[in-house]
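Below, chain A partners chain B and then partners chain C, in two separate complexes.
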Partner chain A sequence: MIALALLACTPEPAVVQPDPVTPVLRPEPPAPPDMGLDTVGTVETPDAASPTREVRRMDIDQLDASIRSATGGIGWDVDGVSQLQELSASLGVPDFAQRTSEDLTAGLLFQKFLDDAANAVCDTLVERELAGTSNVLLGAAGPTDTRATNAAAVDAALAAALLRYHGRRVSPGDPQLDPWTLLFDSTLTVTGGDTMAAWRSVCIGLIVHPDFYQY
Partner chain B sequence: MSPTRRQILVSAFGALGATAVSGSLARLALANTTGTTDRYFVFCYFPGAWDILVSSDPKDLLIGAPVEETRIEHAWDEADASTLAAGQLELLDLPSLRPDGTPHRVTNAFEPFRGLGLSSGGNLLDRTTFVRGLSMDTLTHEVGRRRFLTGRPPTGLKARGNSVATVMASLLSTLEPIPNLAASMESYNTTEPAFASALNVNSVDDLLRALRPAALDVAPEERDRVESMLDAFRECMLTRRSPARDTALSSRKGASALVSGGYDAAFDLTANTPEMEVLRERFGIVGSSTNTVQARMAMAAQALTGGVSRVVSVQASNSCDTHFDNWGTDQVETQVEGYRAIAALASHLDATLHPSGGTWLDRTTIVAFSDFCRTPVRNGNGGRDHWLTNACFLVGPDLTPGVFGESSDEGMAPMAVDLATGLVDPAGEIPKPEHVLAALFGTLGYSDPATMPNDLRVGPYGALMSC
Partner chain C sequence: MFLLTLGALATEPPTCPPAEALLPAERWLRAVSLDLRGVIPDPADYQRITEPDALPADLVDEWLASDAFLERAVRHHRSLLWPGFTDTRFVINHHRINVSGGIWRSSTRDRLYRGAAGRTCGDFEATFDAEGRPVPNAQGREGWVRVHPYWEADPTVTIRMCAYDAQDTVVSSNGTVCADQNGRNDPNCGCGPDLAYCVSPDFVTDLRASLAGTLDARVKAVLTADAPYSELLTADRMYVNGPLVHYFRNQSKVPASVRLDLAPLDIAALPDLDPWEVDHWVEVPVHAGHSGALTDPAFLTRFMSNRSRVNQFWNAFLCQPFTAPAGGIAGLDVQNPTLDLANRDGCRYCHAIIEPSKAHWGRWTEGGGGWLDPAVYPSFDADCETCSESSLPCDDACRRYYTVDPLSPELDPFVGSLSAYQFLPDAEHHRVDDGPEGLVEENIANGRLPTCVSQKTAGWLLGREPTADDDPLVAAWTDELLASGWDYRTLVRSIVLSEPYRRSR
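And then the complex of A and B:
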């Protein structure tokens, strides 16, 4: 108890105060160089074909869903059965018995059945578009509009289709739209002005184009 | 060692992707220049691991021996063989003899082979090469299957190298529109030109759909416009620097050519034509389903003799994976169904004259294999599990008929053999699938392990080769 009492009464050691230090201010950062922010400069954009990863093909489930999404819900179905699912074993979809990974090469069978799918869904889509029961392809263009009669509407529809199918945003008049306007116009020419054939060609072309199924 | 012409060309064309080698001229440039080229191959796969004790390696000299000593249990009386003429498993003598003069035997599961008389004399069984005592080094289905497909041990489950079928197609194909056709079979192509990749279909119906125009096809002039647009895209720099896109567009051309080639009629097995009636009769195709062993084998026959394919791989049976009492009910019947189908294929090839003379069977090698074999002793469920050993059989113009290699008399283990004679030799090598596959390359003129195709790194099982 006495020891505790002595300990309790031990005076605290004196606190040594540091010498007062004069604060040193950080130097001002150097003034940024004049970047000419008032003007827009040029940058070197990466080359799209630079040695980054190679494009890869979407799998069959993604393809089925993408076709339905792009066409406003039309799939390659026969009697209510998705043909892409029906052919899935031949298209390399794993069965998890003998095959556990999906073959994603865009080989002969894939191309054949993709083409069959595009023909089927685009025929249905264009029929609906021209009948006015669907409007995911023609936009403001009328069923008989051509680029000769209503270029603005047709070009706008083609630009919208390129965004819808390929995720590529272009403005009417952009050179990237040229292959599609050419496809539309040339199909019109060879079919004697059949706008349904022209829009169907565009739809098929958009689906069988690698930009649709490879990313 | 200086590279061969083929190696140089493969290297050069490989960099250019599918486009450069899809033409027949490029194929001719790449074709095998080492030796024989006038050959065709059919790979017949028995999925699920077959029981060789009831078929190709019956260990007949041990029937009745104590199971405790041999660790080999035949139990043939519990295996349903009711569709065989004898109604039960029996032994068939083969022409070849063991060194001690006793005959080699297989079971009457090969009755369809013995019953098939060939135009050149003898029967199919007399022309068959059996290889026993193979070591698979695995008890995993995928590993065994992929090792036999490629001749190389997989990395884990992942196959290494190319399927031998792919390499064969690359070496031999010249003008066939589908050099490498596979039905319900895996196929690999890692280094061979794109034209040698298998067209892999799940059923004959799917093949038919692939060869026919779409049910809803657009007018030719409309199709031409789409193709022109894609051609223009293909020409652009972006595509040419993207092998995947170039391959995709090249494949589209190939698919289109297949459709316009009019090959579908050869595979319309249910068509009401005299040719198809004969085919259905020969292969035992009943009903409208073409996703059967018989239909797949008929497909193989049509692909070869119709000049459509150089190499065909087919799943030749239903699953042999009988861990339970389905061993008794299904194992023999499943194998026999496959052997009947192979005999039908051989019969068709033997009955069909090759344009260059002789029959198609004179130029075709048939290879039958499985993942591995089943345990020589049954498990508690009356079935048989996985076993490291294997056997296979081959029929081919450049092969020596008979039996080569042995499994051991205790537990059916692989045994080392002298690969030159096929006789058991403790100083020899344990034979593996790659030795058998190297022998196939050997029949085409490749014998040096250093230059063996597909980087097999082994010499051929020389005893199998007659040339």
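And then the complex of A and C:
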């Protein structure tokens, strides 16, 4: 009641019109990256009548062993226990009592744990590489080398990694190397020149790529 | 950050690798390495590629000869033989012991020892009377004793166990053999020397893994010896490790859901292996009634009925699953159907094959893996016939393994006969004596078995079930398998070096 009375006694406030202002426009957003969707390439598929091998996902034993092989012995382990083996039931490995066939789909759960595994092993691998206690990724490239300072060594290391991880033999200058040099360079750019982060990105990218976990 | 950099990748037009109608040698080698060894190649392996369209044959042979290949082959055979025993119970509850509050006991013997379920021993060191019996306190509880359990390799390790449960009696004062079924009702029986007659939860886990491991050991043995692959299904050999030896010697006479009490091997001839020797496998000769994996305790206890044994053999080794025709099976609504499934309308669609085939396992017990020795269990037992036709009770063997007390007049002609002979025509009786090996030989002769071995192996390596379009390929691989004297590595080598394997989709 009192509040209403006070409101009734309050003089009408003067309406103040704001000064017209010129809106400050944000800078133009960057153009979306060219995904190359306007160009359609050709794909040479195998003859449908010819018998083929089905591309399939690695099973968990293959994945565990291959990650260790690719990283010079580093596995996704916690207290000496392989996490991939610990998670094998969730990842579709049969016990032949309740489940009698192996689920080899590269589903979301698989991708999630593969990502976890890649992050874990690549952290350790790159630490060792930069500390000089391992040399399965950098090859002749030095810990601080970039493509700006030693392109030959970095490109050679990327080519060697592509062979080791994916079984693809490429020469420096091969277009198949471009995504990986781009990944390396882009990481350097966004991290302000952190070569550890750049090699880590390459390592993770190589492991989570279908060319690694499928064959 | 990783996503940012991945986004940055998209600023360049994507570059696809060249189309791969036939894989480049490096990708081909990678696939072969993963299939034969379970791991990607080393960089040095790639250096051995000298031609763009060929793999280094010596490298492939090295891989085929490696232990890693044995493991991959074992893995493939698990998918055929299904060695899964996660729920299998080996011994009756009276012989299962657990720890609670740091003291071990069998909870199902509480009433026998202390007069009430749930009444455990007291947490004090036991005392004994002049006859060596534990002395209970005023609440009827005895104390505990320290005992070295058989599963511990270190002889100085002991556990605390309720004194009644820990009794090491072999034959009680009542004359009860404590390792037999009757031991569970005799308060003077316990778990025996070093607790040998009882199982801990960890030992059950070891036993389950060991039973599955017998099939793995069998596959490895055939491949290690370069023996004909067919021996996987015919050899009269078995494989045992420490836990299995301990089980057969001390625990097989008190079976639960798995009955191996009619031991499929000569227990007295078992090698001296300690219970903790999980990875030490020894080959033991067995009687001629055995037929490789098909009479392995693991196969028999995984597939408990003779019909399920037939079904798995047809699926895994003849590639001929029993499935109903499109549109279903007619004739299943017949009134008063015969018990003879091989001749019952509708059922005979499958059972005309299943019934005579199951007779091949007629001397192997269902619900376990015991051997019905003809010297002890003749095809006809007059005592079983007599008890069935009189008011005398039939003994355990008659009730379990022979036709007694028929529920239908249809079974009258088989009273007193081994169950395997029910509805089996005289001309088929040889199947019981032939055992599963007879079935194997029959299907080697008609070509089904070697063809299916090729099909299953191709399915493993090609990542898909072969179709009718693949028949010429499978036929060629089968010819190679047979020409090589059933050399499994020859078959695998032919497949991974073939053009279809290299042509991935």
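One rule holds in what follows: the second predicted complex is superposed on the first by the 161 of 215 C-alpha atoms of A that agree within 3 Å, B and C clash if a C-alpha of one lies under 4 Å from a C-alpha of the other, contacts with A are read in each partner's own complex, and residues count from 1 in each chain.
Simple rule for what comes next: a contact is a pair of C-beta atoms (placed from the backbone, for glycine too) under 8 Å apart; a residue touches a chain by one contact, two chains touch by 3 or more.
It should be emphasised that the depicted structure is a prediction, and the values quoted were computed from it without experimental measurement.
Of the two partner chains, chain C is the only one touched by A:Gln62; chain B is not.
After overlaying the two complexes on the shared chain, residue contacts for A:Gly80 are found with neither chain B nor chain C. In the superposition on chain A, contact is made by A:Asp123 with chain B only, not with chain C. When both complexes are overlaid on chain A, the residue A:His209 reaches chain B alone and has no touch with chain C. When the shared chain is aligned, chain C comes close enough to touch A:Pro94, but chain B does not.
Of the two partners chain B and chain C, it is C that touches the larger number of chain A residues. Shared-chain residue A:Thr105: touches chain B; no touch with chain C. Using the contact criterion defined above for the overlaid structures, shared-chain residue A:Thr187 touches chain B and also reaches chain C. Look at A:Pro179: by the touch rule set out above, it reaches both chain B and chain C.
Shared contact residues of chain A, touching chain B in one structure and chain C in the other: 49, 54-56, 98, 100, 179, 182-183, 186-187, 190-191, 197, 201, 204-205.
Remark: chain A residues 48-49, 54-57, 87, 89-90, 92, 98-100, 103, 105-113, 115-116, 119-120, 123, 179-180, 182-183, 186-187, 190-191, 197, 200-201, 204-205, 208-210, 213-214 touch chain B in the complex. Chain B makes touch with chain A in their complex at residues 47, 142, 145, 157, 184, 186, 197, 199-203, 206, 209-210, 214-219, 221-222, 224-226, 228-230, 232-233, 237-239, 241-245, 247-249, 251-252, 254-256, 258-259.
Put simply, chain A touches chain C in their complex at residues 33-36, 39, 41, 43-47, 49-56, 58-59, 61-62, 65-66, 68-70, 94-98, 100-102, 160, 163-169, 175-176, 178-179, 182-183, 186-187, 189-191, 197, 201, 204-205, 215. The touching residues of chain C, when paired with chain A in their complex, are 1-2, 4-17, 19, 21, 24, 26-27, 29-31, 34, 38-43, 46, 75, 78-79, 82-87, 212, 302, 461-464, 469-470, 473, 499-505.
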